[in-house]
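In what follows, chain A forms one complex with chain B and a second complex with chain C.
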Partner chain A sequence: MSSLIGFLSLVFAIGINFYLLISKYIFKFKNLPFYLFIRLSSLLTLLSFFALMYAYIVSDFSNYNVFQNSHSNKPLIYKIAGTWGNHEGSMLLWMTVLSIYSFFFSFTKNIEDSFKRSTLLIQAFIHIMFGLFVVLTSNPFLVNSIFVEEGLGLNPILQDPGLAVHPPILYAGYVGYSIVFSISIAGLFQNRDDEWLHVAKKWSLISWTFLTGGIALGSYWAYYELGWGGWWFWDPVENVSLMPWIAGLALVHSLMMIRGEQALIRWIVFLSILCFSLSVFGTFLVRSGILTSVHSFAADSSRGIFILLIFFIITGFGFLVFLLKEPKKSYSLKLLLINKASALVINNILMVIATLTILLGTIYPIIIEVLNNKRISVGGPYFNSTVIPIMIPGFLLMSVAPILSWQTNKIKNSKLYVLAFIFLSVAVLIQSFYLTFNTWGFIGILIGSWIILASIIAIFFSYKTKLNIKFFQIINPHVAHIGVGIAIIGITCSSVLKSEFEFNLNEGDKFEIYDTKILFKKIETKNEINFQSLRAKFLFDLGNKEIKEIQAGKNYYPVSKMITSEAGILHQWYRDIYFILGDQKNDQWFVKVLINPFVSFIWLGVLIMIYSGLIAVTRR
Partner chain B sequence: MKKIIILTPLIILFIISAFLIIYLLSDKNPNQPPSALLNKDVPNFESKSLYDENKIIKIENIKNKKILINFFASWCAPCKIEHPLLFEIKERYPDLYILGFNHKDKASDGINYLKKDGDPYNFVGVDSDGLIALEFGVFGLPETFLINENGKIIYKILGPITKDILKNEIEPLL
Partner chain C sequence: MSLRFQRLVLILITLTMILAAILLILNNVRENISYFYTPSEINNSNFAIDKRMRIGGFVEKNSFNKISSSSFRFRITDEKKSIAVTFNGILPDLFREGQGAVIEGFFVNNITFNATSVFAKHDENYMPASIKKDLKNTGYWNKKYK
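== the complex of A and B ==
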């Protein structure tokens, strides 16, 4: 029953959007309750999504999709997460997020009515295309032709609280760019002046913030669930989320230039189209299964062709309008050797180059295979050696960019900055000789700490306003950059300075890592609701009679006959002690221990960036 | 000139879409590229053991056996995915000689990896400079070759072995 409601409301939602489009451009109806229809269509899409979720919650195995991807003895949270833990449900989630954005956008004030309508019509058009895709190729409401009492189960690797919320947040980022796309296309069509740029800025910040959160959740999950000790693998699916993230960062920065009355409107439009195109392209690459990845989704070429078509239409339409229509208003750019406008332009160029470099690396295997029928693979070494050097000048620029002036070449307190930089370089150099010297480690730590130091100096010197929301808004760019600096230090230390230890242990053995005493207490097996767990318990003597327990082990999921590894991590602010339990041989357990210094800095940096994204949204 | 610059995104879009559509329509399986070596003699190789430098394997030593050659590395994520299946193959086909090559990897990393996830190989050779992989025309990791008793390469797969591939494509050849 719920499946029927879900299917019908989805079809109605698509129908309403279709009706709105033809009534506007073919019949040219007037006095249509436009906003009512848009909101109704959004709510119907939402209803359809909740209907599917309900089917998952009550384990309605008469729905084929639920049968394929769920199981009755799963905790509630994973039944809910199962809704989007599969291709069909995930595409319905995509549409739902699109509808939610349209819904909220329809309440936006301060913009002209006809402009708002055009934007929402473009949204409706996107809704129709993806709606047809879902209904025709990926229907989550199909009826199960056989009667069953039990489902096949959700991929156990996805049964994790972090991963349960990862897709919705990631999609809130991806799909949020649709609004930015629609706004800028509507802006071109209506030939407006720059009023739409302010609206676009807010929505692009919202999308970027969500995308940041979504990517961070994904990589945090990879860190503790995959049990490989790393958090970023340059996997194609990670790359497709990174591309709109970097392009979106460029977009947010170029939109800042409006404040200096020096915006490059054409460039902003280009980036808006690029961001959403990359989002749809990412959806295509992931959902068509064209690339092999840790996200091993089912491949189906007919679906691939359909999304490729959608990608082609949306991107082609966007760039065609971009080609034919010219923005009405234009600003003049004042590019000096070192002023804010030139810093932002250089930063934008670097980010777009980085995005294109990642794009090239991601699709290169496909291009080569089509051309000469050979297969190559592009992995971490390519991306590390191309993308990182491209970003380094950008990072250096970032440390001082917020204090540069729009109009002149001068930097306030420039002597102080030079002194601080020299002092810091020496300090980092000395420090890195005390540890083992490593060029990349030196560069990373220097850049990271320099960004933090320069931003703190800027916060202290430039502003003496009262401590209110305005103050936080004003120092926000510096705060965001401090977040980046902290993340850079975390990334550098955790990849350059990490160390590994291995032990073959019996229960009750004691061992030491650096100066931490650890006891391998025992092995325990338990039966949980939907899996059996095997856990090795380790006790840490942290001194001062403080004892902590960490469990590392494996889970066995009988429904899908899969084993997942569960890393045990002792988080300390300056390092993570990361335990992986290996196999048992000759009564001894193989235990691998990784010391990952400053990993917490990565997550802290990301949290600061998210905070700063939220603060930026509040600023007009 | 300005028009040409603005036209660039559209041109790139056309090119990328063209490649993708050709790829999709050609029904290529991303895991199974064609190989020039198929049905040819297995290339000659000689390699030290990962665990013991004094142990050396040559192709002559293992002639007249069915051999599964698997290139892997500790840094290769998909290798970890297929790893458990190698144990399954080993258990079901004890006569099959499973030869692993630790490709472009630090020896210590390779050893750690096999300690942690287990070692399904009869012999693990070192290919730290990638020269053996070059002989085999390895494109990316993991890559697996099946060689028959006459020393001919009869099957090859790029990317992780999956249950389906094992059942439908490899097992009929064993």
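== the complex of A and C ==
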């Protein structure tokens, strides 16, 4: 029953949007309750999504999608998360997020009515395309033709609280660029240059903040769930999310420029189209099954072709409008050698180059396979040795950019900065010789700490410290950069200074890593609701009679006959001690231990970026 | 400095950066890719000791051998030819005899492949698209796999 309601409301939602489009362009109706219809369509899409969720919660196995991806003895949170833990459901989530964005956008004030309508019509057009995709190729409301009492279960890897919220937040980021795209296209049509940029800024900040959160959640999940000890693998799906993130960052930065009198409108429009194109392209790569990864649910060529078609329509339409429509007013940009505008331009160019580099590495295997039928894989080293060097000049620029002036070549307090930089370089050099010297480690730590120091100097020397909201809004760009600096230090240390140990242990064995004494206490097995767990317990003697316990092990899921690894992690502020339980022979267990220094800095840095994203949204 | 000259400098900087990026990409693409084969595709033209590559296929039945709790021997097959593999470390959770796996590493001699990493298929019905195509061609294709 709920499936029927879901399907019908989805079809009605698409129908309403279709009606709006043809009534506007063919029949040219006036007096249409336009906003009412848009909101109704959004709510119907939402209803359809909740109907599917309801089918999952009550384990309604007469729905084929629920039967394939759920099981009745699963905790409630994974029943809900199961809604988007499969191809069909996740596409419905995509549409739902699109509708929610349209819904909220329809309430925006201080913007002209005709402009708002054009934007929402473009949104409706995107809604129709993806709606047809869902209904025709990936319908989540199909009826199960046989009667069954039990479902096939959700992939155990996905049964994790972090991963339950990862897709909705990530989609809120991806799909948020649809509204930025629609605003830009509408802006081109309407030829009103100033107001729409402010609106676009707000929405692109919202999407970027969500995307940051979504990527970070996925990465954190990979870190503690996959049991490989790393948090980024340059997996195609990760790359696909990183591309719109970097392009979106470029967009947010160029939208900052509109506070001055100069505006690079065409560039901004280009970036908005690029961001949404990359989002759709990512959806295509992941959903078509061309790439193999945890995220590709099923390979069905008709789906791939359909999304590719949508991708070409959206990208083609966007760039065509972009080329044909000239914005009316065109300010010339005041580019000086080292003023704010030129710093932002260089930073934008770097980000676009980085995006293209990642894109090339991601689709290179596909191109090679099509061209000469050889299969290759481009691994992490390619990305590390191209993307990082490209970003380094940008990072250097970032540390000083916020204090550059718009109009002149002068830098405030330039002597102070030079002195601080020299002092810091010497300090980092001494520190890195004291540890083990590593060129990348040195560069990373220097850049990271320099960004933090320069931003702090800028905060204290350029503004009067006050404890009110306005002050936090003014220093916000610096705060965001401090977050990046912290994250850079974390990324550098955790990849350059990490160390690995391997042990063969019996229960009761004692061993030492650096100066930490560890006891392998025992192995324990337990029956949980929907899995059996095997845990090795380790006790840490941290001195001062402080003893901590961590557990590393495996879970066995009888429904899908799968085993998942559960890493045990001891979090300390300056390092993570990461335990992976391996195989066993003659009561000896293989244990791999990774020491990952300063991993917590990465998450802290990301949290600061998200915080400043939120603050930036509140600023007009 | 005139405004024009400053702009020229900026354009030059941009071009230099783009050039540097292109050089980086070209240089790295050649060094950091690994080719993918199935066991029967390995022949004299692409075989070389110590060359990094990926091999995909099935873990042969009754070939798995645990030497210690962290070192393993098994064979990867595509039903035409099989290759002996050694691996040190922790095998992925989904690694099982008779199931699909992709190994990355290099040949240490003419017959033994030393895997530095092992990837197993992600779920019951999952199979990398590239292996799937080959297995369909060789006729060793289980309908159960999607």
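Criterion: the second predicted complex is superposed on the first by the 617 of 620 C-alpha atoms of A that agree within 3 Å, B and C clash if a C-alpha of one lies under 4 Å from a C-alpha of the other, contacts with A are read in each partner's own complex, and residues count from 1 in each chain.
We take it that a residue touches a chain if its C-beta (ideal position, glycine included) is under 8 Å from a C-beta of that chain, and two chains touch if they have at least 3 such contacts.
Just so you know, these numbers come straight off a predicted model, no measurement behind them.
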| item | value |
| --- | --- |
| Which of chain B and chain C A:L542 touches, first, second, both or neither | neither |
| Which of chain B and chain C A:F590 touches, first, second, both or neither | both |
| Which of chain B and chain C A:F319 touches, first, second, both or neither | first |
| First (chain B), second (chain C), both or neither touched by A:I376 | both |
| Touched partner set for A:T357, first chain B, second chain C, both or neither | second |
| Partner chain(s) touched by A:G304 [first = chain B, second = chain C, both, neither] | first |
| Touched partner set for A:K554, first chain B, second chain C, both or neither | second |
| First (chain B), second (chain C), both or neither touched by A:L136 | neither |
| Partner chain(s) touched by A:I580 [first = chain B, second = chain C, both, neither] | both |
| Common interface positions of chain A, toward chain B and toward chain C | 289-290, 292, 294, 299, 369, 374-377, 379, 502, 563, 580, 582-583, 590, 592 |
| Parts of chain A lying in touch with chain C, wherever the complex brings them together | 155, 157, 227, 289-290, 292, 294, 298-299, 335-337, 342, 345-346, 349-350, 353, 357, 360-361, 364, 369, 374-379, 381-382, 385-386, 389-390, 393, 502, 504, 554, 560-565, 580, 582-585, 588-590, 592 |
| Touching residues on chain B, where the partner in the complex is chain A | 3, 6-7, 9-10, 13, 16-17, 19-28, 30-31, 33-34, 75-78, 80-81, 84, 112, 115-118, 139-141, 158-160 |
| Chain C residues within the chain A interface of the complex | 1, 3, 6-7, 9-10, 13-14, 17-18, 20-21, 24-25, 28-29, 31-37, 54, 66, 68-70, 72, 89-91, 93-94, 122-124, 128-130, 132, 146 |
| Chain A residues touching chain B - in the complex, by the definition given at the top | 228, 233, 235, 266, 270, 273-274, 277, 284, 288-292, 294, 296, 299, 301, 304-305, 308, 311-312, 315-316, 319-320, 322-323, 363, 365-367, 369-370, 373-377, 379-380, 500, 502, 563, 580, 582-583, 590, 592 |
